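Structure provided below as structure tokens; questions to follow.
The first chain written gets the first letter, and so on, giving A, B, C and D; residue counts start at 1 in each chain.
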Amino acid sequence: MVRFGECDPAGVVYFPNYFDWFHQAMESWFEHGLGRPYAEVLQHVGFPAVHTEADFRRPCRQGEHLDIEIRVGELGKKRFRLDYRVLGSEGKVRATGATVCAVIAQVEGDGFAFRSVSIPEDLRERIKQFI
Amino acid sequence: MVRFGECDPAGVVYFPNYFDWFHQAMESWFEHGLGRPYAEVLQHVGFPAVHTEADFRRPCRQGEHLDIEIRVGELGKKRFRLDYRVLGSEGKVRATGATVCAVIAQVEGDGFAFRSVSIPEDLRERIKQFI
Amino acid sequence: MVRFGECDPAGVVYFPNYFDWFHQAMESWFEHGLGRPYAEVLQHVGFPAVHTEADFRRPCRQGEHLDIEIRVGELGKKRFRLDYRVLGSEGKVRATGATVCAVIAQVEGDGFAFRSVSIPEDLRERIKQFI
Amino acid sequence: MVRFGECDPAGVVYFPNYFDWFHQAMESWFEHGLGRPYAEVLQHVGFPAVHTEADFRRPCRQGEHLDIEIRVGELGKKRFRLDYRVLGSEGKVRATGATVCAVIAQVEGDGFAFRSVSIPEDLRERIKQFI
């Protein structure tokens, strides 16, 4: 449901909130789609966004019930792209978007340094099923 | 579920987000408890917070599943107080809070002026059942 | 300054916040660059985002002082594109982004209907100077 | 300046954002008042809110320029209270608030355990001057 606090004085969703929704959809997908709770996976690797974009086709208003679809658009060795569609309950596409995530791991012995790594094999197998 | 973006660098929920949760719980309660979708009620009256507070007892972490309980603490002629409890899935209280809302309506013919009004009788009857 | 509440458990800025910064930079630019406070301009026309994107090159951490540069990338009849660069105090580009805004006005006599309109001439002249 | 994205469909600031402002004011006060950047201090101790509250007297609207005053309300051994006042440019108090912060430090050798500690002496001396 679109929350009061997500809408702006024009009465529609303030657009940076779509990216928050995309990330929330990704977190739910890790837990319910991949069967690996996001918070647990983050103990080992991180997924910083390196690119993201969205196209807004029709506004979303307070109180509306929306669905967010998620699909794996690309699965590379060290990064993947997730594609999103925001659908109104009437079935029309309100917005589409995508996020390219890199995969990183903490450098041993340095809490603040990270390096690019390959997607863990087990996780890759699970992600593959959503292409 | 506690979202990644709701947590701060200390790994726990950034406290202003609790008030966002309280408001979201109120919106859900209007729809599912009172049977009156919040966005529809807002066509007639508004509920600005005049006071709010929270006590934080135990931190909430990313990925945790929480429940938010809502109770009507006071029901006056022109204002009401909602009391909240945030519960972890282990049953412990993580935080408690309260919000006092006034009831206002737009002044006829002036889009920016509001005046204090009584809670509509129909709404008051429904709210009463949650005291 | 990058705020504590803008950072996530990884200690870096949660990426949806960049789009909030972009919008804040646009609001400041209306006031200080175009000499027309954004809130005043909104009395007449609105600027919904129809597309937005960002590339994240280097993370931003809590407490850092950043600059956000804004440039007009395109100026059409009924839309314009703003390009953003987020710069660290060391001078390195942390992120780039862009937002395409449409121009709309409220339909007379219907508080919820909007139509696409041309950028007001006075505003266009001012915007032109930032191409 | 009150940002577009901080306002709700009623055209006024969504109240959870006041607590975000309070925390931002605290961060600025650490840097400019106490002369100790908040992000640096956090390397040693943390300041989780254990209680917070606010009274909202007059609404704040988009585009308004506000001041936030900060004062030390109480300075205990292991906690302190900060009092806030939000002032409009016309000088009227829009809201008041307070946050009680505990002081904690990480338990040696366990990244997720924290214990209550005394306010570091150097910091206490600096804080004292704002009572």
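Just so it is clear, a residue touches a chain if its C-beta (ideal position, glycine included) is under 8 Å from a C-beta of that chain, and two chains touch if they have at least 3 such contacts.
This one's a predicted model, so the numbers in the text were calculated from it and none came from an experiment.
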Between A-C and C-D, the pair joined by more C-beta contacts: A-C
Interface numbering overlap (same over half, different under half) for chain A and chain B: same
Label of the chain whose CA centroid is most distant from the centroid of chain B: C
Interchain centroid distance [CA atoms averaged], chain A/chain C, Å: 22
Chain centre separation in whole Å, for chain D relative to chain C (CA means): 27
Touching two or more other chains - residues of chain B: 4-5, 9, 11, 14, 16, 20, 23, 42, 62
Touch-based graph of the chains, sorted into line, ring, star, complete or other: complete
Partner chain C, residues of chain D touching it in the complex: 1, 3-5, 20, 23-24, 27-28, 31, 37-40, 42, 61-63
Of chain C, residues touching chain B in the complex: 4-5, 7-9, 11, 14, 16, 62
Interfacial residue positions of chain D with respect to chain B in the complex: 9-12, 14-17, 19-20, 23, 42, 46, 48-57, 59, 112
